[in-house]
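Okay, so here's the structure we're looking at.
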């Protein structure tokens, strides 16, 4: 069965309360429930993980050699963390990058990420539904590989 | 019923034969069939349009005041055409931008488009399936609005 | 009698309906009527032409060797079309560049055009009246030459 | 009655003698006479002011709370004076920026000004007639407001 | 009573011993004592927190929904951490950014921070007294809001 | 027999009359005659095509799967059209890029083209003879392949 | 007794009326009164000076060899005047730079000043209270020197 | 006896399995064993430390006031962490920066690090042997000081 | 007899007391005396003028149509004043630009001036003797013209 | 009879052995033989010269006042040697620049040369045949002059 | 037996006398002696070569097809000579780049070299000992190949 | 007696014949004669040296430890040769940089040199007389030291 680790980066625990005009009002728990349900429909198994600590995220990725791919919302780390890029490359699994907001419509420093050019695919701007689209795309890519 | 115009920009008629290692081997007709089928499942009505002529694309967008949104793969126009951006803004409908390839993993001049910051959402890197994800996202956004 | 070709670039057919908070509520037909009337007062003859097709605009400019000057609102082409610049240089007639909006107050990529440094004069920011000011200036420049 | 202050920046007292191949041969007095005459035709009242001292220009703008708008040829200050921008914003009146020469066809550092994005409109390249066009545009903008 | 969280970023535990020619010889404990005393005089209550771990700082900010504002010396995180910016925006409280050294007089990469444009105010260059000035300013801003 | 399509981009129909101090006085018809004659000498068959419409050029390239290579003078499209690059890459044939003028001696924006790095060879600066040199080079490259 | 010259740059005479949403509603006279009072509390003597003329500000700084430091709000001169920097360096006294607004949250050209790297300290964003904080900081720095 | 702390940054625990075509097939344990052996030969004492947590690395550096120098492979932190730079400067000990890969032959963002200009020396490109060369160099520098 | 106006820009009245390690210990009066003496030897007549007011400098240049050339030390205005450039161009006389310090060895923003490309010659780095060298060069250039 | 000096810059003596996948397998001697033969056909006389010493190349160009033009493959000097540009300008003869490889398809620093804007024409990408095309073009240009 | 050519670029003959605070006091002869001794210990044979003439260095590299690798201190050529890069690539042998000083701690233009991305390894900052470390690394790389 | 070495860089042997509209019609021999005469008047001894070979210039500078200073016209090397800068720094003598033409009025790449920030003084734009002014300045600087 296809195994996926969903990685929620720093500050995503605030989903639903944080800048709701940008991020919407669904909480992280709501999002995870929707992801688990969709995974079930798609015949995949997912694990969801959130941390505000870059180091914990790196550790968790290193320990996930059993997964077939990662669904990653890097949060702010996407714009600054070479380490996150290196961890994902280091375990040699495809990953899809998702953003709730349209990063191209925000501050200049958010327009590029350090992950995009090595991601299998990128989805941004659909609110919490970006995760759902990303999960569909990731599962398809893994099965087509 | 939700009405969507799918716009395929220049050179997308070559889909399936053009640089298949980048763009995959599904033809444009295959893609349109899949889009029509998914639209049906989602309860939406779509029209698919391809042209190599920027002017024809602008004209078609102007004539589409009856649609609820656009699904746009701008092809090379995404990187150079201010007119396409202006046409989409001019008719005041939400649109989703899709790319078959991961534009962030290609030449520097493909990393940014003139549409992204005014798009409702962006999907790239999933091959012809980018269209399917984009369609799902667009329909959801229109209905959530 | 002084002969002028007025060139309206892509999307200007939407004038009046397109982003009215930016472009105002006068239609292109209104603007053309006002231009014809002012031309009459100034003793000039004008022809008005709009197209969303760069190629048609180039063709029309090439065929206009009988005119004394061009009044050009390039729309989005001003920021991307070297061909339009080359066409205007190629027929060797003075032209005035006009913009309804103040392009310096909009997105960074609109601040410069590929026409301005070879234009005889530039007018921007006065809404549809930019055309009237530009026509006055162009006729004066042609007669002073 | 519409009240306008015309501000001529540094070195414009040289108009007519200064680099005549660039600036033409009409003197500042000629220009002011033509402006007064046009203002009369338009039913507006204008006052003309020139100084080579940035400070005097700022003082004069501060003292002009009775005017409805400014017609400003900033001269070299347009490219360097944040203070002039701040003064015009500080008194909260619309202003039109004019340049006799086509600043886009000159040295790189003249292509942008610190006023353009906050101006109501910009006119450049028509010699001393830029002032006349600018005055027409300014009066129309004030009355349309 | 006004509640303030003082956040000392990475390496600030070294205050007093670290590069004393730049940072002065007061220790972090000295600084905290002075802050507590000034807070008392101002009728505010403060809590002081230092960590070398970005994740711990984010967690602490998230848990501080009871405070009225933050006094933040981001240390090196100011120049690299989008996550810190997002955390402060995420809890929607005003914050003042302080630096002991004059960051404009140091290496180029220290001249800008990722916090300054969303800070309520910024104080830099006064050594450990920057904190005191920042606290005064923050308390005033909170009370004036 | 080696088959070549010669593509003349926008404004090249003006050759001979357009800016003759830059482009020389031979007309496009003269150039095509010389190309046909040289092709005969080299044992190649050529077809010559000019259009001011990017879309027509793309269509024509797509329809030319029978040719062995392209000789392309992109005109202004060379500096702005990602679509032209994509069309040439899409049909997977070698092409040679030619310019009548020395593009390095002209405006900054002409110094680079979007075709050069994927062209088989580039010739610029020899007036209409650039085409002849380019044709020789292209035929040799095709035969050496 | 510690002697301080407070320098208010161009347009600061408008304080209270100028863009009040940015600068607040306290007038310059209010600010000066508050500064004099605080100076008294701190045991310092201050003189307050405003001018819209760069030259007058330079002259005044040159004549102030008796002061122990300067409190400077350079206004727009901070972004353009090398002369102001040179004058402050020329008299060899410490100075503190203050801004009412948060310059990092405004136009790009306001983010850096020509004074900051040679200032003893910088305070921005606290409205007219920036002056009070700056005065406290300056007096402390002078006494600690 | 010369005391050295070897700091392995994030992801270096993957050495041997991570992108072996780039990083080689020696594990971190192999590298540490070789370092300990060389240290013995050179009469130095080393301690080896790896963490994926920036904060733990900072803490460890702060606690290492007894060492004579650091041998640091910053991993991805070298390109983003001002805090690591500050920690190393804060404890005022010489350090040598090493990279297994040739960072100049990789992505643009890896060409510069935030440590190099304050390092005593830099070694890159020799695989795990970069550590050995760096250790030799560091011990020599410490003894020559 | 050759007539020269020597223009000393802002802050040069401080010569001798201002940053003597950079500017030397000769006063402006000393320098003027040496210039007058050298002018006498060269058979030229000079007038020396210093002001801290840009406007006064512009006025003085405008009134100097009787001189054959200008010897200009622009001080800080050289890096910011387009108006000074325009004034010198406006009166159409050759000028030599001098700097006491070597501007290339100072802050980045001093490396270029707005005068150099239109100056007849430039001398920098010889302290007050830069004036003497500049005067010799200017007189020679005027006589050779 | 038309006299041409062919200049082969540094490292071109390695032609045929150096990076053959880039430069092909014809040696410099082969190339020179082909050039001499073509020159004979064209009725021109050529001399071929190679050196790895910039100074020798400059000397040789200076001594070649009898030639009608230069055919120059600058090798690496094209990207760094202002002296080579100055030598070619100094002797005031037309020259054609050739490159065996397509410099636009290689490292960024090879995309521009210091010769191109002053060359009569440029040919790149046709392997050793670039020389033959360049010679044809140069002879034609000389005769057309 | 492993054969190495040591290349000392321009000005390295001054080692020991040149800027000793930067380069140390060991002469080039001292360095060569130490290199020869270490080579003996490592079972390699080295030849040492210094020249101030780029052309001589290129010639020498071309003649060194018998060596297994190069140890190169390019001196100033590292920052400007594409020819040196091309020569080293042209003979297709691994090379190690060394610098006595830490080039990252010096002038901006020294931070990057034209060799680093094609070097096998880079060592900088250890004074003359950089050569010794580089030799060790080079011999290991050659033997591991 | 003050000893000076005059260094004429590449292409300066062409002085008088090379681009005379830029460089004037005095030959290098004329210039050297004038320099010798002026040196005599100033009580200094000069030696003049010209070479087109960078290496010869470096060698000559290295051999000139007996001189008190250098008068250097670097020609094109000024814009590209780090080695020349290093040679001049390496022998630790003051030098004055001179240019016949005004380098600021020429191509962008000539506006900065690699020598200026370490030169004692710079003179440009006075034709061959730049050398005379430079010699005066150099002798004065040496004697004032």
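To keep things simple, chains are lettered A, B, C, D, E, F, G, H, I, J, K and L as they appear, and every chain counts its residues starting from 1.
In the analysis below, a contact is a pair of C-beta atoms (placed from the backbone, for glycine too) under 8 Å apart; a residue touches a chain by one contact, two chains touch by 3 or more.
No experiment lies behind these values; they were computed from the predicted model shown.
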| item | value |
| --- | --- |
| Subunit F against subunit B, contact positions shared by both copies (same if over half, else different) | different |
| Rounded Å distance between subunit G and subunit I, as computed from the means of their C-alpha atoms | 31 |
| Chain centre separation (subunit B, subunit I; CA means) in Å | 62 |
| Distance from subunit L to subunit C - Cα centre to Cα centre, in angstrom | 54 |
| Residues within subunit G bordering two or more other chains | 53-56, 80 |
| Chain pairs in mutual contact under the definition given at the outset | A-B, A-E, A-H, B-C, B-F, C-D, C-F, D-G, D-I, E-G, E-H, F-J, G-I, H-K, I-L, J-K, J-L, K-L |
| Partner subunit K, residues of subunit H touching it in the complex | 102, 104-105, 111-112, 116-126, 129-130, 133, 136-137, 140-141 |
| Complex interface listing, subunit D residues touching subunit I | 9-11, 13-14, 17-19, 51-56, 75-80, 109-110 |
| Touching residues on subunit E, where the partner in the complex is subunit A | 53-56, 58-59, 62, 80-87, 89-92, 114 |
